[in-house]
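Shared chain: chain A. Partners: chain B in the first complex, chain C in the second.
So, the complex of A and B:
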């Protein structure tokens, strides 16, 4: 169990980009994918996906990461294409006929060309939605995230918790692996269990000691925080000071322009 | 004569709902990390419910209502950073996958006092769950017509029993007692029912944004209601099975107790 998408330190224009610009791109993606969708929306989605591909390329993110993303999403895509193929209510042209089973507005025995196309459009919509956040995660360090959240006036305690929790994830991965190995030594092999046996039996012997160990660590963490004066009524310093550069405004302009272009293309 | 100087009392930033933020942070980190652990498949394929969801649901039982919800939200944010592909709706998914299960369990846990909030909230969510997306935005956004009253009844399965539980002495008196009972069977029952009532209602807001995103057909909407009617109790049972050993271990651990938690 290891995260596929994690921050990679590189010197690229996207890594140097102000985190708030990247956040704007992520949020605009969310707005764009939540627009009501029609089968004719493919160009809009492809334009935004093109922007994402450009950002991924400039950030020099390896192609295999994109492959991993596709591997995660392929099940969803197959599900969407099949389901829409069978149930799309404006489907007229039969592609494959397995029989006839009319249920309200759909004939569930026929896969229609319009339905499959709509499934493909929805899959591209999901891909557009999921391609933005990995870019942000892989090009933004924890300290930059902390500073960006502070700039957004997120309460300091919340920012501290999020960034601390992010840094603790490595420790939890290690603890998880150690407990898993210890249980394997006791002939309790989670990897050999099927999904239902796993759900009912596997997690208790792992999660219970993990939570106990974590809460004990939390006590030490609490003492460390108090010793370091967390919560003292003084303005804390920032690890990283972020300043806006002309390049940030140019990238922001590009992202906003593409977003406006997509919106016009959609509603025109 | 010694004069008593008034002490300047400052609101502590080190605690949330009576829980140290160190505990909240570490439990949040755990919830986040477990977004990589698939626990239960979606019906019809296309993904898995991560271990984050049951762990977020039980957070209010382990850390108290406020601390638990805060930990679940931190977990949602961390999950979004660790497994971004599993969070296509980004901030919305933080609430759907982690925040809402914790909020609903917290409400059920404190239902003796909060039923006046819980009951209307469940009714509103139930009606919204029935309306969205097939009536609002409905045909304007390309959604089909659902067969009535079948669809209303199917949606009611997910909110009406929970609302009845929350409004009756079972939810206002018995369940809050059972979750802290020293009798194991009663405790299992209490935790299972608390989580069940919460997760049934959670299922409505959890699914609707995705139905909208995937443009579900009316037939699929009805079928999904039917198919998930056994799925939610199974997920609740798994959650109860995970919770009780943790609670018992915490009781024996000698760790400082948390106000509002069930251990």
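So, the complex of A and C:
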């Protein structure tokens, strides 16, 4: 089992793009989603999501990976829509009435149309926020990330921690899958348990061996790194050189232009 | 070999924090270009010796040391790890944790780049290292996408770019299949031929390194029990057996035919530890010619295995399994297989040939794209997970994926509770299972305090406690020492003979499986290449080559010295000794 958002080497304009441009896209996404949110922000979010969709498409990322992202987020979406549906204080138009329980300005017994809409807007915001980082990780190799972060003067130890964590995810996925199999062979099938049973006791037989194994692997990992001189008090040689091409400036221009457009649209 | 001393250990003792003495009064001297093989059962202190030479102790694992250590002119105790790393490189068992960069090129550059080596020189070193391990042309590949043998060679190349004078190889082939072992072995041979590197290698595969070794060191509980040339060490087969080290089959054969008999002077004994199969065969033929040995015309045949009536317990019909890509992998392609009740079947083949996928389908862990698995004629899809666990037990390669409780007893209880065994019956089943694997006294110990071999036995106990009718062991020999391998195989045999159970063992160890299995199935590229009685399968040498399986040494030797009819009955040395006897 491989992590779904693992880097895949492909020759697409997005893969070739300077990592700092992709990093700029991630950062601008974060700025955009941190703007105060209003129910009328849907067009702004859709424009930005449109840009993300374009980048995903140009990067030729398989739909199943987007499907996985949606699968991970669907619970959050339902939660947001329901909670806003019930509690949105500007909700006026009842969609479903279960009873009446007033709490300050909200009626907790009524799902309102405005609340549901606001939940949808929040969900789209979450989707916009979460779709940028997987794109960056799936189209940028660890050495490019290291070089890019070095250009931003991020300390080498910190960048290597990020890169190692990315590399470790593959191992974690493989271990997780093997542990599930091993416990299933002893008639312990987490996948067939209901949510409450899972939450109560299911994770101990899975998480305990995972943690013990991770400690051991991390130890081996440390040995492998340090016996290759990691942490030596010398200036490391820069192996990967990143050069900017006209296409990088064009893509950067597009991302910044869309960001400015969205900002204007939001505050106009 | 030069006269410069590259490794010097004088009266070295090492105690880990927690007062565990791992090495005692160890002495070792190796010159530049020398190849030292370190042998010993699991827990003998081999890895600690590797850590000591390469500076991992005390820099990562703390402890106390006595004695004098000099590695390429430095004492790793006094230096930071990055300094020792420039003198001594280390390659560990598991290639997965040694590769962390996205491309092979970046992986190889990682070490020298950390030391600030100019990029031009890094590229030259990388190119040379890749050529040596025969991975040139794969620079842009992600190391994680390589095969097992390629990964370990990539890890070796990444150590070589540090240009060490001493190379420590800690069981570098123990987790690889025969092809991987051959590939890594070839790279190590290249390094040995280069002659400028002092190599220390720990292993359980004595046959693979015997011809390379200049010096052999055998450890037991941290102490040297034998030390000398391969000739000197391997002529003491009985002592090796005592400390759990495998004597190479060819040495055993020579010992049997040519060692001094009681009452005879032993001076004439001449064992050539590095002799090839052909050389030993030629010597035996010459002895037969001179009348020293003879071929027994009426060799007592081995006791035939009890003939089972054909009662299929497991049937696999047109099984096809695909793993989604990219790239999409067809792991099994329309497999048909029948396992009869009471059979002991060995499954062999390269990694990726579909062995594990096949047995995982048998227990319902993998859903096939097409085909079905029947247990007693019933499709296993109709059985619940618990129902299957009580009928077919699969012991996976790594016991650490399942152990999580505070005691061995609790670990065995876990499965029994899951399948709904009444509490008053559980304790008796736990005791019986722990007794069968010989862990009664460890019942209340924390499982992770057991050795790796004992943890595997505990996993077997947890499985057989469920009283399955079929026991499947997935590569029980991987990363195991000689003694541990046979202990697990013996467990399988007892399950088969005492409980009348059906056993399927996946392994790469042909000598072991030749001793235990009545029937062999050879998988190759997701298809069954051969299926039949073990002797018949091992006779198909040309077919076996496709799957990189080499028949047991005894079978190969027999095929050179015995008539075909007799040779086809030889799978173990004991078989051979029945056919060739002293006059």
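Methods note: the second predicted complex is superposed on the first by the 189 of 268 C-alpha atoms of A that agree within 3 Å, B and C clash if a C-alpha of one lies under 4 Å from a C-alpha of the other, contacts with A are read in each partner's own complex, and residues count from 1 in each chain.
One rule holds for everything that comes next: a residue touches a chain if its C-beta (ideal position, glycine included) is under 8 Å from a C-beta of that chain, and two chains touch if they have at least 3 such contacts.
Every value quoted in this text rests on a predicted model; they were computed, and no experiment measured them.
Engineer: A:245 contacts which: chain B (first), chain C (second), both, neither?
Structural biologist: Neither partner.
Engineer: A:75 in the overlay: touching chain B, chain C, both, or neither? Say first, second, both or neither.
Structural biologist: After superposition on chain A, A:75 lies in contact with chain B alone.
Engineer: Using the superposition on chain A described above, determine whether A:8 touches chain B (first), chain C (second), both, or neither.
Structural biologist: The second partner, chain C, only.
Engineer: Quick one: name whichever of chain B and chain C touches more residues of chain A.
Structural biologist: For chain A, the partner with the higher number of touched residues is B.
Engineer: Considering only touches as defined above, state whether A:164 meets chain B (first), chain C (second), both or neither.
Structural biologist: both
Engineer: Once the shared chain is lined up, is A:221 touching chain B (first), chain C (second), both, or neither of them?
Structural biologist: It touches chain B and chain C both.
Engineer: Answer with first, second, both or neither: which of chain B and chain C does A:102 touch in the superposed model?
Structural biologist: neither
Engineer: Tell me the contact category for A:16 with respect to chain B and chain C: first, second, both or neither.
Structural biologist: In the superposition, A:16 touches no partner, neither chain B nor chain C.
Engineer: Which of the two partners, first being chain B and second being chain C, lies in contact with A:179: first, second, both, or neither?
Structural biologist: Once the two structures are laid over each other on A, A:179 reaches chain C alone.
Engineer: Just to be sure I read the superposition right, which of the two partners does A:197 touch: chain B = first, chain C = second, or both, or neither?
Structural biologist: Neither partner.
Engineer: Which parts of chain A are in contact with chain B and also with chain C?
Structural biologist: Chain A residues touching both partners: 164, 171, 204, 208-209, 212, 216-217, 219, 221-222, 225-226, 230-231.
Engineer: Would you pull the chain A residues touching chain B in the complex into a rising list?
Structural biologist: Against chain B, chain A makes touches at 1-6, 26-27, 29-30, 33-34, 36-38, 68-69, 72-73, 75-76, 78-80, 83-84, 87-89, 103-106, 108, 118, 122, 125-126, 129-130, 132-134, 136-137, 156-157, 160-162, 164-166, 168-169, 171-173, 176, 195, 198-200, 203-204, 207-212, 214-219, 221-222, 225-226, 230-231, 233.
Engineer: Which bits of chain A are touching chain C when the two form their complex?
Structural biologist: Within the complex, chain A contacts chain C at residues 7-9, 62, 141-143, 163-164, 167, 170-171, 175, 178-179, 181-189, 192, 204-205, 208-209, 212-213, 216-217, 219-232, 234-240.
Engineer: Any idea which chain B residues touch chain A in the complex?
Structural biologist: Answer in residue numbers: 10, 12-14, 16, 20-30, 32-33, 36-41, 44-47, 51, 55, 62, 70, 74-75, 77-78, 80-92, 137, 140-142, 144-147, 212-220, 238, 241-242, 245-246, 249-250, 253, 255-256.
Engineer: Give the list of chain C residues in touch with chain A in this complex.
Structural biologist: 54-56, 59-60, 80-82, 85-86, 89-90, 92, 94, 96-98, 100-103, 105-106, 109-119, 122, 140, 142, 144, 155, 158-159, 162, 326, 360, 363, 365, 385-386, 389-390, 393-394, 396, 398, 400-404, 414-415, 418-419, 448, 462-463, 466
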